[in-house]
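What follows are several structures.
First chain A sits with chain B, and in the next complex the same chain sits with chain C.
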Partner chain A sequence: MKIGFPRALFYFDYFPFWAGFFHRLNIEVVTSPATHRQIMEQGLKKASDETCLPLKLLAGHIQALKDVDAIFLPRMVSVEPDTYTCPKFLGIPESLFPAVPSGIPVLTVVLNWRKGKRQVLKDLQVFGRQLGKNKAEIRKAFTLGQEWQKRYQDSMGAGWDFEESIREIERAQKGLKDSASPPECGRGQGARTSTSAVSLKEQNTDRLRIALVGHSYLTQESYANLNLLGRLREKTEVQLVQHVSQEDVESHLLGLRKKLFWNHAKQIFGSGNKFVRDHEIDGIIYLSCFGCGTDSMVQELLAWKAREQHKPYMVVTLDEHSGEAGLVTRLEAFLDMVERRRVHEGYVSTYGERLDRDSNTL
Partner chain B sequence: MKVTFPHMGNAWIVIQTLFESLNVEVVVPPTNSKRTLNLGTRLSPESACLPLKLNLGNYIEAADEGADTIVITGGIGPCRFGYYGEMERQILQSAGYNYDVVTLEPPNGSLLGLAKRIRYLAGTNNSWAQIIKALRFAYLKSVALDQVEDLIHAARPRLPNSMETEKIYEDAKKLLAQTMTVKGVQETVRWVKESIRESQEKVDTPSEGFNKPLRIGIIGEIYTILDPYTSLGLEEELGRLGVEVDRSIYLSGWVGNHVFQGLAPGYRSIKSYPGHAKPFLPHFVGGHGQETVGAAVKFAREGFDGIIQIFPLSCMPEIVAASVLPRVQEAYKVPIMTLIVDEHTGQAGMQTRLEAFVDLLERPRLQRGIGQTRGEVFGVGGR
Partner chain C sequence: MLGEDKYFLGVDVGSVSTNIVLLRSDNTVEEALYLRTQGRPMQTIQEGIKLLRTKMRDSAEIVGVGTTGSARQLAATLLGADVVKNEITAHAVAASRVNPQVQTILEIGGQDSKIIIIRDGVVSDFAMNTVCAAGTGSFLDQQAARLSIPIEEFGSLALQAKHPVQIAGRCSVFAESDMIHKQQLGHPLPDILAGLCQAMVRNYLNNVGKNKDIRGPIFFQGGVAANPGICKAFENELGQSIIVPEHYDVMGALGAAYLAQEKAGRRPETRTGFRGLHLGETQFQAKSFECSGCANRCEVVEIMQEGISLARWGDRCGKWSTTAGARTDAGLTESEEEKQRA
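Right, the complex of A and B next:
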């Protein structure tokens, strides 16, 4: 059996779990290729107009899955206690049925950590029955999935690159068909113990240090974000949400009177808030997309923090029409401003420019 | 302490009653208007959903009248509404408004915490028995308001003089807002019934549409369907076009859910909706997304001629619902139109869309059976 896994949305962040899970069950998983123009166009055609860019991309990737026996579209309700993903994750797979090529069945399962591990396991076992797997097999597959996910998450702090880590996992899947040992973790292996980001002091001190925050499926989606991450990396040392340790995230959430109940929002705000307070970070870019409900709140919460601390802060809002020229201009203007500020250490006149507010749509 | 709260259609009548019966000073903000929206939009994040912008406008207008404490209900997601309270508090604070925000929800799941907040608002002069009595009475009013609305929905397409019908509605709301006795509430409902009957008797030759007007079910985001300013008078407009409307959610259902934490069913329960939605959307998606789908199925089964979904731009649960509604439309052969509103939506565009939709429904059934298309999405401004 060959299962198609779209390279979109939950792929960034949670693919390792599912890869491990299916690997243990001896089920082959194929992913769609990295986003290209045609995938984007197909997505725009089949997704509803009103939805956000990541969902449109998902619709495109679903159509790009060829020669598979089924397409896997999990309903990832929650990935940790007390939080949800986003309402749009909850509407998967039904909201994407129009994008599924006719004749290919959809496999789905509810993953809801709000109700604890037992419920997750139970739901997976029900799913397992459809796949012809017994409870014991599912339990083992779950354990391996957890292991791969953990390994992946732990190594994030070591500056791991997402695509690279996934390639490792994919290689492992092909090569280690009958072995359940987790894949080698790229160059992260030696530094897995690290708790927080790569120490910035070890890096080139001349370069600007920019934090790029936002949903993983935007910051890591280099086609849709017009290679923003790559462009930033060329000129600056980049820090991502994924580089911040869980303890740091949690401790920087404490100032909120009410807990954020979206998992991604928590990660983004917690690490963003840490970057705001981190003197080694020269500026923050919030990458969002048009129509994102959770970002509409979080980017504002973070903007207040940035303003309080006089940290340069820019919001980039993507949509399917975003043009390269606009991005480059804004990026350069922002980096120039950050650079100027660094030269006049402590000089805060740029504060009045309110770069975070008006016309942030590209 | 002067308490205020955000508007949502007729909800103010219920909330005002609640606080007044507890002798808490309350400021009802001026009704939603262009001004409210402008004031609110200025402070809101650009991509926030429309209800948040109106809420903020309400607070600013209420502050002019001396309000210093905001009461709002809460939630724990996954829709944005659950975070409104905290967002609004911070926005108002940074804009220099000195508001205390009390969110009526169990903080971190603690019912004791909720009780403390209620106690804080009600002061020490009210016993718990009094508080419960006040809640009961407020709930009773919300049910009466729903009954009145139902009657008006039926009256609009049937009575010849639309001004008169609206007058009955306005008067009934005024009466319900004022009365503080159970008897007064019941009498108002009776009065509406009688007034409608009287006007009905004046019609000697009922027009063709009199007995069997077109029926349209309205579904969508709760704030938009309950608040006529936000929906640009959707129900009234349809009534004028000779359509009898029904809607998925009524005020008392909301009161029952949010104020009574689900203990009171409301005038018309929304409990059956998830079951109806199951074949199309078997999981909740936050807000009332699943209810929207379920209500569409229910209306379709009951033989409604058409369905209109309405929601604010970027509303997450309703976008999910909107993407599965085409399958409901196909399964039941019922035309469904989606309307999306934001601060730029204009009356004229709305009206054109409604007229076209009603036109489509009025064509003989035979013709309609074939070539039926989903009413496309109403284009919104601002983009």
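Right, the complex of A and C next:
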């Protein structure tokens, strides 16, 4: 059996769990290719006009899944106790049925950690029956999934690239066809992590340090965000939400009068608030998209914190545009501003010196 | 020091206007041109250069070029610019050169509007409008055309208003229907125009100026600053006086010229990349094609001068842009050098 897994939305962050889960069950998982123009166009056609860009992309990816026996669209209600995912996650898969090519069945399962591990396992076991797997098999698959997820999450703190980590997992998956040996996902990861950490320190400390905060499915989606992350990395040291430890996130949530319900929002605000207070960080860019309900609140909260601390802060709102001019102008201007402010606030006074040193390179 | 006949050229190619400034070595403006882009940036730049050539003495020499605006890349390729800079930095540089005390810049152009907050001569915050063009010059242009009054008279007519009407400014489509409704009720034209000015200013301050600490001295620049109706609406809304600088309509180009000057001052040994005033007469062609290398199908634009490719852009992967003319490559290595120097 071959299951199609769209490379969108919950793919970022939660794919390792599902990859491990299906791997243990000896079910082949096929992911759609990285987003390209056709995927985006197809998504815009099939998804509801009212919804947000990431969901439209998901619709496109669903259609890009070819030669699969079924498409897997889990309803991820909650991924950690006391929080929910975004309400639009809860509407999956029903909200995306129009995008599913006719004749291909949709597999779905509810994942709700609010009800505890027991219930999660129970739901997965019910789902397992559809796949023809017994309870014991599902339990083992669940354990491996969690293991992969944990390894992946642990690596994020020091490692860099999401796509690189995923490639590692994919390689392990391909190995599945040849042998049934357990994947070496974690070990390879560890080695890479340490090297990148070293090279990070070696790099020029004079470079600007910019924090890019926002949903993983926007910051890591290099097609839709017009390669914002790549552009930033070319010129600055970039910090992401994923690089912040869970303890740091939690401790920077304490000032809130009321808890944030949504786990992504929680991560974004917690790490954003940490970046605001971090003197190493020269500026913060919040990447959002039109129609994002949770961002509409978190973004304002963070803007308020940034103003308090006089931290350079900019919101970039994405939509379907493929014209880069607007993004490039804002990014250039923001980096100019951060650079000039840094020069101005101490260091050697080189007013005018750095004004256009990076001109034209974006 | 530079001789009397040496000038810096600043070019700002925006959606509505193309502005060219010729800066003397003593920091005063020799010539300022404001041309309508009319959707043909290449031709407009060439026309501008032709016009400039007729006004310049034969002995005059251009020793540095800066470009800015949404077509800055295109302009840089055509002219051989030394500095290519975004509009925000260019506007900020120009304003703080004109008046070092300035703390806020309101800039409303053809298709975008921005606010720039300056503290101690350094940009400390800025914002631009989102994709919506409701609070920009194009909208005023359109409405003036609909009411068949010349845009130049718009502001003075609005100043005659006694009781400005309330118009919804959130969206230009709604604003228009609201305006038509007010006309049908029989409100006099000046009152409607003044209401429109107020609506636009409110929209600007709510969207672009949201949460910004607007302190004086305030500069108002960009093409819309020519409209006294908008100036008055700003003054009423902010409760402060607004300064419209002398070269308000070409501040971006002025900033680009200053930036070119700064660069030349730091690196006096390098010669300008300017391609010469004769480029008004040469033939440039732009063509575009769809790359079929991958599923992205990028639309690549190529600029050619008499059959020779100058530059290409528009591709995501860099396959085309890196193979194009030597000029862009030189730009890259230059800034690399500077980085190391800094």
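Keep this in mind: the second predicted complex is superposed on the first by the 316 of 362 C-alpha atoms of A that agree within 3 Å, B and C clash if a C-alpha of one lies under 4 Å from a C-alpha of the other, contacts with A are read in each partner's own complex, and residues count from 1 in each chain.
Heads up, the rule we're going with is that a residue touches a chain if its C-beta (ideal position, glycine included) is under 8 Å from a C-beta of that chain, and two chains touch if they have at least 3 such contacts.
Computed from a predicted structure; not experimentally measured.
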{"item": "Which superposed partner A:75 touches (first chain B, second chain C, both, neither)", "value": "first"}
{"item": "Partner chain in contact with A:50 - chain B first, chain C second, else both or neither", "value": "first"}
{"item": "Contacts of A:38 with chain B and chain C, given as first, second, both or neither", "value": "second"}
{"item": "Touched partner set for A:229, first chain B, second chain C, both or neither", "value": "neither"}
{"item": "Chain B versus chain C as contact partner of A:337, first or second or both or neither", "value": "second"}
{"item": "First, second, both or neither for A:261, with chain B first and chain C second", "value": "first"}
{"item": "Overlap of chain C and chain B interfaces on chain A (superposed complexes)", "value": "317, 357"}
{"item": "Residues of chain A defined as touching chain B within the complex", "value": "47-51, 75, 77, 83-88, 90-91, 94-98, 110, 256-262, 290-297, 299-301, 304, 317, 357"}
{"item": "Touching residues (chain side chain A, partner chain C) in the complex", "value": "33, 36-39, 206, 223, 227, 303, 307, 310, 312, 317, 319, 321, 325-326, 328-330, 332-334, 336-337, 340-341, 344, 350-361"}
{"item": "Interfacial residue positions of chain C with respect to chain A in the complex", "value": "70, 76, 83-89, 93, 120-126, 128, 130-131, 211, 259, 262-263, 266, 294-298, 316, 328, 331-332, 335, 338-339, 342"}
{"item": "Chain A partner contacts - residues on chain B that touch it in the complex", "value": "45-49, 74, 76-80, 82-83, 85-87, 89-91, 94, 103, 107-108, 280-287, 289, 313-317, 319-324, 326-327, 340, 377"}
